[in-house]
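Common to both upcoming complexes is chain A, partnered first by chain B, then by chain C.
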Partner chain A sequence: MSSSMNTVGRPTAPTEVDPIHGFQSLTGGRGLLQDEPLIFEMDGWDKTGVDVPDADLDASDLGALVRRDPIGLPGLSEPETMRHYVRLSQKNHAIDLALYPLGSCTMKHNPRLNEKMARLPGFSDIHPLQPQSTVQGALALMDRLAHWLKTLTGMPAVALSPKAGAHGELCGLLAIHAAHDAKGDHARRVVLVPTSAHGTNPATAAFVGYSVREIAQTADGRVDLQDLKAKLGPDVAAIMVTNPNTCGLFERDIVEIARLTHEAGAYFYCDGANFNAIVGRVRPGDLGVDAMHINLHKTFSTPHGGGGPGAGPVVLSEALAPFAPTPWVVSHEDGFRLVEFEEGEAVQSFGRMNAFHGQMGMYVRALTYMMSHGSDGLRQVAEDAVLNANYIKARLSDVMSPAFPDGPCMHEALFDDRWLEGTGITTLDFAKAMIDEGFHPMTMYFPLVVHGAMLIEPTETESRIELDRFIEALRALAGAARAGEVDRFKGAPYLAPMRRLDETQAARQPRLSWKAREGSNLAAE
Partner chain B sequence: MHYTKDHEWVRVEGDVATVGITQYAADQLGDVVFVETPEAGKAVTKGDGFAVVESVKAASDVYAPVSGEVVEGNGALADQPAIVNEDPTGNGWFAKIRVSDRSQLDGLMDQAAYDAYLASL
Partner chain C sequence: MRYLPLTADDRRSMLSAIGAKSIDDLFVDVPLSARRDGVVDLPKVMGELEVERELSALAARNKPAGSVPFFCGAGAYRHHVPATVDHVIQRSEFLTSYTPYQPEIAQGTLQVLFEFQTQVARLTGMEVANASMYDGSTAAAEAVLMASRVTRRTRAVLSPGLHPHYVHSIETLAHATSIQTERLRPAVDAEADVIEAIDANTACVVVQTPNVFGTATDVTRIAEAVHAAGALLIVVTTEVMSLGLLKSPGEMGADIVAAEGQSIGNALNFGGPYVGLFAAREKLTRQMPGRLCGETVDAEGRRGFVLTLSTREQHIRRDKATSNICTNSGLCALAFNIHMSLLGEKGLRKVAAVNHAQARKTRDALAAVPGVEVLTPRFFNEIAVRLPRPAEQVVQVLADHNIIAGVPFSRLDPEAGMDDVLLVAATEIVTDHDIKLLAMALSKVLSA
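For the complex of A and B:
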């Protein structure tokens, strides 16, 4: 042995051994991470992890409906349960772990200051049914947030209550529907949507009862004005356009699109999912937009998905403002109050979208983000988001094929799969290989108008160093793809907790609930 | 066999047209996981969606290449959507439609025109 050993015999330097190829652990564990069974398959069926006193009930009103069999849940203790979920969370990816380049999702850092503010008891410990006189601070915050949203978009009104982007789309189209109805114009049954739209746009239109007509796209990735002109008519209620669009491009004819739409008697709904690329620099109100949702969980950095509920306030033009959903906040000489009923000033409102007023916690986080950045900071948010995306586009364009090589992109860089032609490797394979390199894949196969699309949105919160690490990983993979290392891609991911899943089988024969295996002693007893 | 620009094929026997999606469409979609075909008796209009096909990559409408009345939908696809990938122009047919206006067939492409169209994509 070498001399690297302390006085109680503990080696203090690694022993040199030949690496084992295809090393497999004995238990399925991996570097302090245990192989994780389903919670139902953990040993805990014969016990209970908590000590609940017997319920002392005289009689039940349920009669014959009283449960006779045990409910059948695993009886794990608190540490067992906690460890199970913490171990699962360690197999997950999160924006707090690394860059999350999902195009069109705007996975940006959620500042901790937002969290601190949202936990102030005056915001976190209040209830929507409290008397309004006791929640004046919360109402003032909603009023302030509304002011910022209206100012940043150049729009006169905002509905705060929609709970996510698609819910906001629904709000906008319901307001448009109400506006046509108010004019006695019931003949408008069609909503125009470009081919590159988010899937939620046609889905929302269909949900409201409209039929959807697609607008073609030009070769440079924008709305085809000629096709738009041909499809506008007295049957069109609205057009839904995302700007910047899902190809990461600014719709440079947006003012003309708005003019043509209004000339045809229709309204202009703008999908504001990509507002982060233009916030502080372009006011949608100046472009002729009638309604636009703003994803607070994107542009204004509130958490996404499992991290917290979304919020999708909708700004409305003068023409649509009277139809906004209740409730909304108004200020009066003694403070603030909620307009809650469809009467008086709200007589034309199309109604209510939620039981209450929306996601208070998200309002606090979003306003914190706005106020901590200031108007100059928000302007820089848009600039840096666009700069970062163009940096990625510029540094990858010699090894990958940009879908729209001419000119700069906005906040996301879009590549197609032409550069993989002849390698036998697909966009999916490439994305899976990124996981082995430690990077979450980009959005793939969207937008649908680009073959084998890879849509990368770095957001403004990534540093140059972080972007370079990401770019070097992609360049190395691109080199491996060109060098014919097909197995590196086809078998990927090799190092993730789960290998490649059979998406086809999962979709064709989904298993949606857990059942004990045949002969298993895990049964609901 | 006739073809549309949206990659549907039509095979006419008597006044009944069998309709499906082409090999190209099936390949582009990837593994098909769900198919919804119309029921007999449903009236369809040329150019309107009459069936739905979903793969792991995308969901899309299948557009009626001709107007008419559905004689039969291919119910087998509901349980075995993979047939669309295995045999798109045979057992993977979507519906049989009684054609109301045969002149609509004139606007469709023949094999040579469709091949040329594919080459242009």
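For the complex of A and C:
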């Protein structure tokens, strides 16, 4: 099999190496791990797992609108369904199984109380458009969440409706766009973004028609103030800075960055993906931020769910608050009310970003989490997250190469691949070998400013014993790498449900849905 | 604090392993002016019992749909979701996993996404579907941007029956990207009016079926006109259960389908989280937003799945990406996948037929109420009716009598001059008795 590399030097196809032990079962299963077919391969074309009475009226009134051709959707009985999904679930890593140190992703424990509260019928079984008099508790909850977010960030306003972090970035930039427009300033077409930024930052700026200008980074991993000064100008609408940044470092000059930005007539957007490192200890409002999204699925522990749903409320400064998207909740003498249209108090709003009122299910979970911790618990969250990351950094620095060895990191520890030089082992190989040791790999090859980056975020919900177990595993792997045990890395993972997957083939000949094999007589083909 | 495993001893010894005197040493990079010594002015740590008590009290101030005869739709529908669905999505391995960036230990999620994409493609009658969007409205807005990229044109025509929240979500994004939108005046049964509005700069036409007034439309003729002008047809559906009874957008010539998938597997949740469905013709694949899951093999030649074509995405392409979307609606897509696997085509068609039957009964019952005029000519499970009074007032009075009668159109669009129009949906959860109660109560209110 050929091997190829993408632009950041990450191999995209596996290298062939023999398995450690040649034993094969006769059926392809691996003990408790069964090979599980797709639902389309289980002969369920005429089955269903629901018992529904026949309709007592037909659809003759719809004539030619009725769908006549087969749709091709198999059904499964309930026991088959349960087994299918439980078998599939066992092929996933999860935070409930072991440390999940994806830097910048904040994989922390998801309390089940949050799930229980979100499922109270008073929250889960209410319609977004039923009369507001019948949902006063839901509006009160949104109002209380808004109060917590504003207090924790020291900001005067919050837009709750954005559906995830990137959607929050969009919200912030649209508010900034509207604010410049309101001043009659249409010349600002550039957004400044540091080279270390999340991909969503430049993508969002470009998405709404801005061109992106990159700002250089200093040798100690922070925004280069000289370069910032050089690139600020009357064409700059905003700067987007992540703080703590994606190298896991606090931007020491953040107040100066804000001052320079404002002086140039631009606004300061802060990517709040890493707010968990400072919650309860630092208020972004004190740093000069104009807008910042908060990933409720990171800092406030709503579950990641294999890729969402998230929620990305955006706190706003006085300057941007009038332009916030609709809807929002206001309180009046008889209770709470939604402001849903761009009129009256919302006349300057930039408009609606999505149907209805945002991610209510996530609001309930996040508020449950906040109330459980309280102001003191949340401060402890930040402190323990930072302590855990520094502990990992301290205990691995003699065997791996920290990208920024001097001074403390915040909630995540960044290593580069200098320490692998000459071993023939890449960051990817090392990450895959971690899987065999029972851990999810760290974020790799990000941020782009560090070669072969390995970004480790343990979060505050890891015990010291689990941290030590993780550290010992990485130290052992580092030893094996130095000792030249190349096969252990190149062929990894050996013990996962699957061996390394061929991403190159997947992209060259995309198969994005199931198709019956030639000559098969399966329905609907 | 029950979620924090470190003890005071752990913290002391870890600080000493780091070589720090106190936790403050780790926050030295924070400017002095921004350091806060005390805790912020919010309540302190609370036990599980106390939190549960407070939140339950808030929940009790809402009237759940399941507690009353309930007829709201307008883009969010209450269907029966089998108990299996909510059990499975709470399994740790699905609930507490991340986006499947390491495919060797995420095959569960990846296979689910592959099955989901196949189900969505088949349900909508399209060739490819992505791994989900935030919701139907943002899917529709992204579809408009995609159409503009594909055609290199900058105008979008929005139909008279497009859900007003979808109209506004599209307008917000379109205006920021210099795409002009032309929204036709709201009307119950006039989707084909879009044909007149197509010009040489039209990138796409957005139509909805069933539309916000419940009207189902065969869009084949619209598709022909759109294609003749070199534009793309985007079909929006906010009630995907309808696809168990009605011709699919794909069969009628859609190029892109943007749909709200909440009806399958997901609760009302006061409007979110939901799951956006995004499907398209195969030739448009590389302009699609969002994640795509594809089939491949592992180093032993066994079939597996990975996220693919990520050169469209923000984490690789940054400012050249097709969209900024990252986190989407994974767990809601799983709920959709499980519910749809339980239904199968057989169950889907049956549930859809029951929806239609209940809506027909509702239509007949309301048509018999003096002063009520049924406006929707062809429908799946929702109709618009005209009342002799502002719908908002009537709905409020009925709500005070424990009947949630539907959504006043003015709640969605106060400028349309349709204050007397009420949208009434009837899914399989609506009983014949509920329908009788609604008609009786409405009679009484209108004659008072």
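We take it that the second predicted complex is superposed on the first by the 461 of 525 C-alpha atoms of A that agree within 3 Å, B and C clash if a C-alpha of one lies under 4 Å from a C-alpha of the other, contacts with A are read in each partner's own complex, and residues count from 1 in each chain.
As a working rule, a contact is a pair of C-beta atoms (placed from the backbone, for glycine too) under 8 Å apart; a residue touches a chain by one contact, two chains touch by 3 or more.
What you are looking at is a predicted structure, and each value in this text was computed from that prediction instead of being measured.
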Message = Quick check for you: in the superposed arrangement, does A:Trp45 touch first (chain B), second (chain C), both or neither?
response = second
Ask   = After superposition on the shared chain, which partner residues are touched by A:Ala230: those of chain B (first), chain C (second), both, or neither?
value = neither
Message = By the touch definition at the top of the document, which applies to A:Ala187: first (chain B), second (chain C), both, or neither?
response = neither
Message = Just to be sure I read the superposition right, which of the two partners does A:His84 touch: chain B = first, chain C = second, or both, or neither?
response = second
Note = chain A contact check, chain B vs chain C, more residues touched by chain C
Task = Classify the contacts of A:Ala476 with the two partner chains as first (chain B alone), second (chain C alone), both, or neither.
result = neither
Request  = Would you check which partner chain A:Leu141 touches, where first means chain B only, second means chain C only, and both and neither mean what they say?
outcome  = second
First, second, both or neither for A:Val66, with chain B first and chain C second = second
Query = Which partner does A:Glu503 contact after superposing on A: first (chain B), second (chain C), both, neither?
reply = both
Ask   = Which residues of chain A are in contact with chain B in one complex and with chain C in the other?
value = 503, 507
Task = Would you tell me which residues of chain A are touching chain B in their complex?
result = 445, 448, 503-504, 507-508
For the chain B and chain A complex, residues of the former touching the latter = 31, 33-34, 54, 56-58, 81-82
